[in-house]
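Once you scroll down, you'll see the structures, which are given as structure tokens.
Look at the two complexes coming up: chain A is in both, with chain B in one and chain C in the other.
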Partner chain A sequence: MRSPVTGWLFLAPTITVLAIFGFLPFLYVAFVGFFDWNPFAANPGLVFAGVNNYRRLVFDDLFLRSIGLTLQFTFWVVLSELVIGYLLAQLFMRDFPLKGLFRTIHTLPLLVAPIAVGASWKLLTTPGLGPIPYYLERWFGIDYRMGAFENQAFITTVVMDIWHWTPLVTLTLLAGLSAMPKEPIESAQVDGANRWQIFWHITLPMLKPVLLTTIFIRLMDALRTVDEVWMLTGGGPGTATRYIGLHIWRVVFPQTDYGYGAAMSLLTLYLTIMLCWFLYVALVARKPRGS
Partner chain B sequence: MNRRGLLSAAALAVLMSTTSFNAFADDAFWAKAAEPYKGVTIRGVSESTSSSNYAKDVLAKEFSEKTGIKIQFETTSWDQMYDKAIKDMEAGSGIYDFVYIEQDIIYSYLSRDFLVDITQSLKDNPSIASPTFKPEQFTTFADYFKGPNGDLYGVPMEAFLKTYLYRTDLFEDAAIKEQFKAKYGWDLAPAKDHKQYREIAEFFTQYGKDNDLELWGTTVQASSGHPASFYEFVETIAPTFGVYNWGLNTDTWAATVENGGTMNSDKAKAALNWWVGNLQYAPPESTSSTWDEVSATFSAGRAAQAFVYGENTAWIATDDTRSTVVGKVGVALPPVEPGVMEEIEAGKGYIGYYDGGAFGVPHSSKNKEAALLFLQYIGQDSVQADWAVNAARVTHQATYDDPRVQEQDQKTSGYYTLMRDQGKLFAGAPAFPFHGQLREAIAPYFYDAITGKLTPDQALDQAAVRAEEELTRLGYRKQN
Partner chain C sequence: MKKKSSLLPLLIWCGMTIITLLPIWWLFVVSMRTRVQLFGRPSMLLNGFYWGNYIEVLENEEFRFYMWNSIIVATSNCLLVTILALLATFALSRYKLAAEDSLFFWLITNRMAPAAVFLLPLFLIYTQWFNLFDTRIGLILLYGVFNLPFAIWLMKGIMDGIPKELDEAAMIDGASTFQVLTKVIIPLAKPGLAVTAILTWMFAWNEYLFAATLTSVEARTITTGLAEFVSVTGTNWGELAALSMLTLAPALVFLGFVQRHIVAGLTFGAVKE
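On to the complex of A and B.
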């Protein structure tokens, strides 16, 4: 039998890296969250504030609005990406001409850095310059001005995220579908199950582990989205697309409100963990009925 | 050769030999002073502007050739420039050896003691003090980069005005002038007040529609998610209505009228209503436009008049690879409300910002001496004229008299002359140590006014209250 010391020795490098780059910064942020600290304040040092920063957050309309917007954004992008990604994965399970080429093109957005995605979409959507406003006006009579209409800006950020990240969902689900044994589906077909019954009772339960992993990855990504949206809208018009990551960035960097930003970051982390936990309980840890 | 000819030839020879001797002596100084730092790489960060790009592409290369000091010069977006410079100086990491100091942020940097005292450093290190770097040659703009002790903390690298540009081809077209006069009853000319500006905007927007042209009456720097819109209002619009210093009472830092500020005064509300109202006569990209896009819009011929930062005036007026309105650009002072010009001339206000910036050396720099050499290099008189021609920026008084600048002045309809003669009507940003902090706190109300979510009056009322809250929290606000 091997000594547990050997195991800890193997784990030591990872634990050290995690402690230095994960745990210590976390403790530092937690510490700063209890202080008022703005280097451009009359008193630029740390001033103990107790839980005042957290109390302030509860009444901060801009923060609460950012959280609300982020949840809406996350809901729409994760749901859309799952649906579209699943349909595309099913499509790629079949044979059709130029399938390889289409799959490669479809995967290309994943290779583009988020900041470049934001810049490209900005060029595409700027009135007077980009093709999107031009054709929306010409073909559908839509006055598309993201800088003026909040809904348009919100929808555009959702569409941009779907464009960027659906390929990841497709590839993950494609891997799950490819690894799935064919026998249960064939048996169900022999037993006369229709497509919906096969999907609901066989494909979905067997795909559940992959699906859940994908949901959690995309959920956490969407909750902390910053760079694409920062480049595309800067959080505007007004604060219509100031999602929480972007809001925290503005508070911590341009506003240099380190104490309040730290409290905000910590509360957001807590909300993210709670959201994932609720989702986990609802989808995975729920006990079967009657047990 | 007669005696007169001989004398002339001798004088010319002396002049040429003196000039080449001076150039040789200058080169010798840079090589000798930089000897201990040869091979060192200094890093700098600046906003990607015409002026910075000239410094990066031309001056930094020249300097490296003469000194052997390498320069990694990063030019990036305005937001990123601040982000990088402040993080570096705050953490003391020493990544950057020189940073761009926009005129309005100098007070914050000085209050945090981020910057090296250039005057003192050169006194302490005479071996790196260039004989051709003479601070007294700068225009008075350099005063904004002096500390309370009168020493220089930044070497001015750009200074310009945000002026009123208009399309001379449209304003001087006989048929257009006739139509305009028939409609409004006065001769079409650059606007002197806001009513005239609005009428011109309305006229050319309609003219564009009637003639199926991609032409609107004005630009508006009204990005609804970027501080550029906030700046257009506080720098360019509010002062022309008689509201200065962002509407703050500089004694108590009050913002609301009831506490002695003017941020939500009737004048400020009239200004914001006028500016937001201009959006109906502006191209559709206006609510996404920062300073860059406004310049692009005007240079693309999409607007008849505009407020444009001076650093862009030269290329808009002269560079036909980037601009479609070369030779068609007029320059004038921004329009003002009746009575405001008298107030300004009496020294009680300003018509707009005297904008610009300097390069400074952070205390955290690991190569201060090499960086100071570079800063002196770009601060010499001999490099100023070409820089001014390329980027429409002037930091030395003598630059105005250079023939190259005077030639460019004609091509830009007298922009340089306007800067020299009328520069006194403009002023640098108010001395706020909380500049970025306050801007971030109140800019969202201006964004909401642009989108119509708040009326301009509501936006200013709410912004003024929020400004006082923020300044109280930062510890600056004094009770009346």
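On to the complex of A and C.
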């Protein structure tokens, strides 16, 4: 019988790294959030402030607007990626030449550094340089200037995220579809069910576990998007694309109001977890319909 | 069930491939142009090979230093993470440990934390307690936070797939635990170790937010160099594109090796292919 002590010795370095660089900052941020602490203020030390920082947050318009923008962004990217990813996965279920090659190329965006994704989209969308503003103007007469129009900047970040992350959704849903038994769909077709009925009553319930995993992973990643958006828009114009990660990093962090920044960080983490929790309850805990 | 034609998926996928490659192709086209060629109607075609932008970037000592930092940080982190994950999954897979499942769950949740939330405490800890601010070792250890959970997920499946009878047989033959690991486990886990190493290397290479916040001069990486490039030089698009191409070059190189595994990796093994 192997001694568990040896096992713990093998695990010790991993636990140490994660405890110091993963768990300690979490405790620290929770601690600092209860203090007033600005090293460059008149009183540079830590002053206990109770929940004052959190009270301030509830009335902080910039913070609330940033949270709202993040939620809108997340909603649109996750929804679009699910729909497009599902359709593409269904296409991959068919047989056609060069499927392996198409699949490999489709995987490429997942490996590209987010900061390089932001750079490439910046080059595509810069007026006077990129093809997107040029052809939008020429073919549709759209005046596309991301630096001037808030909704254009927002939509561009959404499109960029769709480009970047749809492949992940396609490939996970493809894995789910490939693992599904064929018989229920075939017998439903024999019984004369139409495509929509098959999708709603058979494919969807059977795909549910994979679908949920995909939704949660995309949700968590979309909520913390920073790099690409920073590179593409810098959070602007104004505050139009200043999602919460950007807000904490670019606005709150440089103000050296550490207690307040810590409280905002912790509240953001809490909101992320709560959102996932509510979705989990809404999607999983509810009785599956039709089955 | 009537046989569906393969023409429609083929056409749609050709279109999708163009969309997927378009931003990267455009980067490449811009990186191959002189300043003068960038004005006027944006043509998507290559005008010819002009290497001036790449030469400018590679001759810039600062960028060479950034690239060198990135290579050191990514390589050290990938070695560290792969070795630690090998040991950790060996323990999780072969030993009966108390609270094993909760421990595994805790290890994994580290990856889900939003980076921006941890910037402030990490910055304070690095500057005030550890003296790790602006050091490569600081980044190497920190990247373990998102790479270790990922590597452990990937390696756990591989480790569980190696039959326990093999290392038991080796033990009966008198092999020590260390010998079991080096003579039995590592040779069998080699392909999995390679994938883990490549993907963790890629993630460390791609990381931006921590590197931008926790370094200032000495440990700047290529991604921070790319981001600074925009704010400092403004409109030198050719060089920006060349530097972007250099940043994403490893992705192009490794794509073929890891594309089968990246989905299992990114979904924490929840979705297997």
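Following the convention adopted for this analysis, the second predicted complex is superposed on the first by the 261 of 291 C-alpha atoms of A that agree within 3 Å, B and C clash if a C-alpha of one lies under 4 Å from a C-alpha of the other, contacts with A are read in each partner's own complex, and residues count from 1 in each chain.
The rule we apply is simple: contacts are C-beta pairs under 8 Å (C-beta built on N, C-alpha and C of every residue); 3 or more make two chains touch, one makes a residue touch a chain.
This one's a predicted model, so the numbers in the text were calculated from it and none came from an experiment.
Enquirer: What is the contact status of A:89 with respect to chain B (first) and chain C (second): first, second, both, or neither?
Expert: A:89: touches no partner chain.
Enquirer: Which of the two, chain B or chain C, is in touch with more residues of chain A?
Expert: Here the partner covering more residues of chain A is C.
Enquirer: Is A:62 touching the first partner chain B, the second partner chain C, both, or neither of them?
Expert: In the superposition, A:62 contacts chain B only.
Enquirer: In the overlaid three-chain picture, which partner chain does A:129 touch, first (chain B) or second (chain C), both, or neither?
Expert: Touch partners of A:129: chain B and chain C.
Enquirer: Going by the contact rule set out at the top, does A:213 touch chain B (first), chain C (second), both, or neither?
Expert: Once the two structures are laid over each other on A, A:213 reaches chain C alone.
Enquirer: Please indicate which partner A:235 is in contact with in the superposed arrangement: first for chain B, second for chain C, both, or neither.
Expert: A:235 sits against chain B, while chain C stays out of touch.
Enquirer: Looking at the overlay, does A:158 come into contact with chain B only (first), chain C only (second), both, or neither?
Expert: It touches nothing on chain B or chain C.
Enquirer: Tell me the contact category for A:150 with respect to chain B and chain C: first, second, both or neither.
Expert: first
Enquirer: Looking at the overlay, does A:253 come into contact with chain B only (first), chain C only (second), both, or neither?
Expert: both
Enquirer: Identify the overlap between the chain B-contacting and the chain C-contacting residues of chain A.
Expert: In chain A, positions 126, 128-129, 253 sit in both the chain B and chain C interfaces.
Enquirer: Which part of chain B faces chain A closely enough to touch in the complex?
Expert: 79, 82-83, 86-87, 90, 108, 111-112, 214, 222-226, 283-289, 293, 297, 302, 433-437, 439-441, 444, 447-448, 450-453, 473-476
Enquirer: Which residues, counting only chain C, touch chain A once they are in their complex?
Expert: On the chain C side, the touching residues are 1, 4, 6-7, 9-10, 12-13, 16-17, 19-24, 26-27, 30, 38-39, 41-42, 44, 84-85, 87-88, 90-92, 94-98, 103, 106-107, 110, 112-125, 141-142, 144-145, 148-149, 152, 177, 202, 205-206, 208-209, 213, 223, 226-227, 230, 237, 240-241, 243-244, 247-248, 251-252, 254-256, 258-259, 262-263, 266-268, 270-273.
Enquirer: Which positions of chain A touch chain C when the two form their complex?
Expert: 2, 4, 6-11, 13-15, 17-18, 20-26, 28-29, 32, 88, 91-92, 94-99, 102-117, 119-124, 126, 128-131, 134, 163, 167-168, 171-172, 174-176, 178, 186, 189, 210, 213-214, 217, 220, 223-224, 226-227, 230-231, 244-246, 248-249, 252-253, 258, 261-262, 265-266, 268-269, 272
Enquirer: Quick one: which bits of chain A touch chain B in the complex? Just the residue numbers, please.
Expert: Contact set of chain A toward chain B: 36, 38-44, 62, 126-129, 133, 143, 145-150, 233-242, 250-251, 253-257.
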